[in-house]
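The letters A, B, C and D name the chains in turn, as written, and every chain counts its residues from 1.
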């Protein structure tokens, strides 16, 4: 099925998530959709699969305008989506998941017939899933396979895969790619949303790159030619495909490091043989020693394990193996409280979910953070404290403003204001996300001031400029692999892009 | 605002409708209930006697509600507090003995303390099931309510039964020396009222002015973020159960020493559930508990007049309370759903 | 006591559990869709009253059932609107309704206390089936229309849950509404529908009390049964067969309590009344923690799977949570 | 901010309501004048009723009694509050209800359950000018164990023991297999002596009229725990009755306040079981299921109440303990007999003759079943051979009798 998206616009509040996006996927091709986090590719595929309604624009399928308002509509048009976290029903069995929501099923279930179809489809793609197994007992890869088989049984003509290769084994990946090629061969169109350059290179016929809500380039990998949309990229045969993609994704040049040297000799945070596990990832960090005053930037596409790593360093996540030491204290498997006492602070990305408490005011947050063994809150002192914080951190709000009423930038300033002092290690996710340039500069001013006082900062960011500008050293996470720290001055746009794409 | 007032008005209309449906005039009913609640010193005394334990329960529930918990187990906490208080009274004043082993005031004080401890035990049991067993506090609480009543009935029927009588009407009344003193001839006891008011006052202060209250609210609003910010969430949740159990247990003890002067199966008298309604109606803000609890107590006492000469059922008071709270919730929901849209 | 008499006692106890069966199945359906209808206590009671009053006024038992069903669904509609559309706490709304409807039944039902009214036609045995050894006398001799309707309901619900597309969707909605939405289901509409169906069944349960098993209406006629139904749903692990089994066991327990009084006077009869709640907590303790999984992980895969299926009674994953569609 | 304003509004409305209530004219406090009103003035009697007043049982019998009084004395008015028990009215005590009734102008307050003994005493103490009648109870019995010297507190109780003997007799006559079940309320002195009387009557008639071996008679009682069902607290009498009918008991006697035994019996009979029941308390008890009703012994409170109220109006009542007797010449005379007996259809003509014989014997004293040798349930001796029981021995019966099944305590 040929899929055309024409002039799609979508706003989320002030954010223009899709700005006049057009995309054509020919029938029988595998089309890669690339971009940083927040580039708008998720929004785009969610519009196509009916999860989000677009503000304007048109979806055309095989030349005919399609009216997609809900996933049910999309399914009827034969568009199926495979979500990054498989949207299935863990307590049910594989075969029940296969049947659930199936258009082909009659009112009375016929598990035998379903199982026959299921087995036939599985055999077709060499998938090996026990129909009676509970989904909760399957691996992420198997759950994906199950979803693919299910969507195929529903007769989808277009298959959207969102980050399908994260968290699955190499052999499962091979199986997946084979299956996808086979499907493309049957004339189905496949949209492959990914970060991983090598996967895209290996699999896709065509790549569209998005940045800041817009399409910034398209690349026909079969023709190995570059069709330009912006026209500022020179046709240079020396550029590898990957390099071109990296350039499109991240821009051509990286900013220059601006951070003054602040690090001291003393090692404050050290990690040995750390193994971290989640449902989707398993990663290992052999050795890391962070010095006082040092800033470590953690680059990589979101969901590559950065958060897991930061939370483990903060004591919020139990490592499967390895040690975490703070100065000369072994904090491995110690409760979070001990980390706090040792001067570790974690500033999460999702401010209103993990960092701030909706329904409480700035002043109450300040009081919550400063609370000690005293019983009564000294209102006047708390107000004064909050006012000082508001003044110092330039927060647009009053002490009695509820945090959810603050803008994103002011919420971030509030989070910064809540950092305890003195502080040994600061673990941050996206310190300046959603902030304007001025605020960004200001935030880093504050952070560098902290460094000068001896605080070590480990921060994750999807903004490569920020990583290079403010880090002393940079670690790159990619699909569970972690690079050793590299001095920021040694990085180039290309090398960084390649590493983020999984080449190191 | 519009929606909330609208919902409030609808609830009033519905209450009127229910009254009319039963063939009575709303005005007469209101008049009768008011005079039934405040007509005589006795009646006012009774309103106060109902108010005191209600204040304790509602104050206790403020902690659990603010910690994000629906402590439906409060009834069981009252009951177990009452059982514990009865146990102490029986130990210190064995049946048939002419005098207590301790001076009566001390005995009463000890019984109230024991009631608090009993309530705490029952509250912490629900809390432990919730925090460590990951069982919904709602079902744990409901189950423990029935378990506590079961224990009370067993004791009343078994080891603590009146000589020769196995009846649900309760244990042998305690010696009059062990009754809490009252305001004159009425049933209101100053001690209970003072305890209720103190509990409420403490609660208002704790919620507004202490770090503990702040942390509790933080945990209730966002468990995860408050944990990240360094609030010991488990301890906070258990403390909420502890305090609520404590207050409810004291209320149970007061029911024994101040109202019934013995243990009866329904010693909690649904005061815990009534407290839940009060706290839901005030949207967990303790400052409004006193007037609402007073109003609810007056309704309950005044409703005793309905069967007299009007021939109506006293449960109208429950209907009024229920409708008010239901529509307060719906009004809140409407305001959240449509009120914001208007703002934009 | 003779064996046959014991059989008859058990059979009557089973028959008398029929209203609970309706209530438990209704609540199971609602909770499977992810909504806790905590109003069960009030719903059953108010519907018992309405059922009796309607039957009395129309002299038709069946119209009584219709009335009760409608009221049950209406109460469920309030629950659905308050919790699904307005996203208020399911616990708060349900709890308030439980108290409110109980009081309403007492208030409005006052003129109907202890007056004779129509009842469901008497019990009759089912030919052929009644001759099955043991099963026949237990299930097919002492029942009336409702008892047999209860069997049909249990079977139909089970078939619906596990053998039809609609049932699969119902379970899916309660487990992962987002995924169900992704598969093209209207989660909100489904939740409304199943909440209403559950409420209607609870309404039938109420009428089954007042028109059959506790014929008549008196003050707080069915008090306690709604809470017991909620406990049994948990005890039954959200499975209609097991919930029904729980209801029948409860009926038998109650009979035991009265039969056992003189036989074992040392066991307080209240133990039997409290038993369902204590059992419910125990079941929750046993199945909510991780330890069961840990224990099972030592077993070989095949044994683990069947055992886990038998023991694991996790609630629907989205139970009690509103569905936020982004 | 908005919510704040709403709350302010709500509270001011509330306070306004309260203020207007307080500003209302102060209602008359209980006037404690001696009771000697003119004949045309209404004389209010308050009645605190333990269960629902229309329960087709004990409570309704009391209400019937009040109707009788009102018929005879049109200037007497009754005020009732029913369901006064901790299950139905949480946090309401009998004494509180009495206070309300007195505030309404009641000069006499009647408590209609044994369970109110403490409340009756409390009320009598608190309102020395009000006549307090405790129906059942023994606080005014000088020769009793629990005499409280409270001049305005009296007891009234019908001497129902012979009634129970008749009931037992009718049940035994009506039973084919000799298995008689009784759904009992709670265990106390009253219920023990009643159940024992029923057993004595049943045994006598089984042996003497049916000419059967008393060992074949199985007389079992199951206590539900209260006078009527309180869900979740008592056993469900519906269930208990069912279990009797299904357990092979062909006659079930009701000793509770409510009619579950009759209702379930009707159901069982409709389903084809050969069962009968014996009702209690309420005159119309046989109308619930006439075809299977053996009879009903009912209370006739009217004359007793009339007497007391008359004396209270005259101001001459002082607390006495009245154990009102039946009028053996005319058992169902509404003006003279403290209880009555109505035979049911299911008894049959032949058995009716036997029963009449038995009643006659009880009336003329030729049959006295409270006579030794009688043993208690645990085998200890209650009455030696030839010994007759005193009123005290009967009233304070400590155990069930030998031969009865069911707990004594």
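For this structure, a couple of remarks:
As a working rule, a residue touches a chain if its C-beta (ideal position, glycine included) is under 8 Å from a C-beta of that chain, and two chains touch if they have at least 3 such contacts.
Because the structure is a prediction, the values reported are computed rather than measured.
Averaging C-alpha coordinates per chain and comparing to chain C, the farthest chain turns out to be A. The pair with more inter-chain C-beta contacts, choosing from C-D and A-B, is C-D. A straight line joining the Cα centres of chain C and chain D is 37 Å long.
Chain A and chain B have CA centres that are 49 Å apart. If each chain is reduced to the centroid of its CA atoms, chain A and chain C end up 45 Å from each other. Centroids built from CA atoms put chain D at 77 Å from chain A.
In chain B, the residues touching two or more other chains are 146, 149, 153, 157. In chain C, the residues that touch at least two other chains are 270, 273. Touching of two or more other chains is recorded for residues 223, 225, 230, 232-233, 407 of chain D. Chains touching one another form the pairs A-B, A-C, B-C, B-D, C-D. The touching residues of chain B, counted against chain D in their complex, run 1, 4-5, 8, 34-43, 46, 50, 146, 149, 153, 157, 161, 164-170, 173, 185, 187, 259-260, 264-271, 283, 288, 291-292, 294-295, 298, 300, 304-305, 307-309, 314. By the touch criterion given at the top, residues 18, 21-22, 70, 72, 129, 133-136, 138-140, 142-147, 149-150, 153-154, 157-158, 273, 276-277, 280, 312-313, 315-319, 321-323, 325-326, 329-330, 332-334, 336-337 of chain B touch chain C in their complex. Those residues of chain B lying in contact with chain A across their complex are 209-212, 214-215, 217-218, 221-222, 224-232. Contact residues on chain C toward chain A in their complex (touch as defined above): 162-169, 171-172, 175-176, 178-186, 305, 308, 314, 317, 326.
On chain D, the positions that touch chain C within their shared complex are 52, 54-56, 83, 88, 220-225, 230-233, 235-236, 238-240, 242-243, 246-248, 258-259, 263, 267, 270-271, 288, 405-407.
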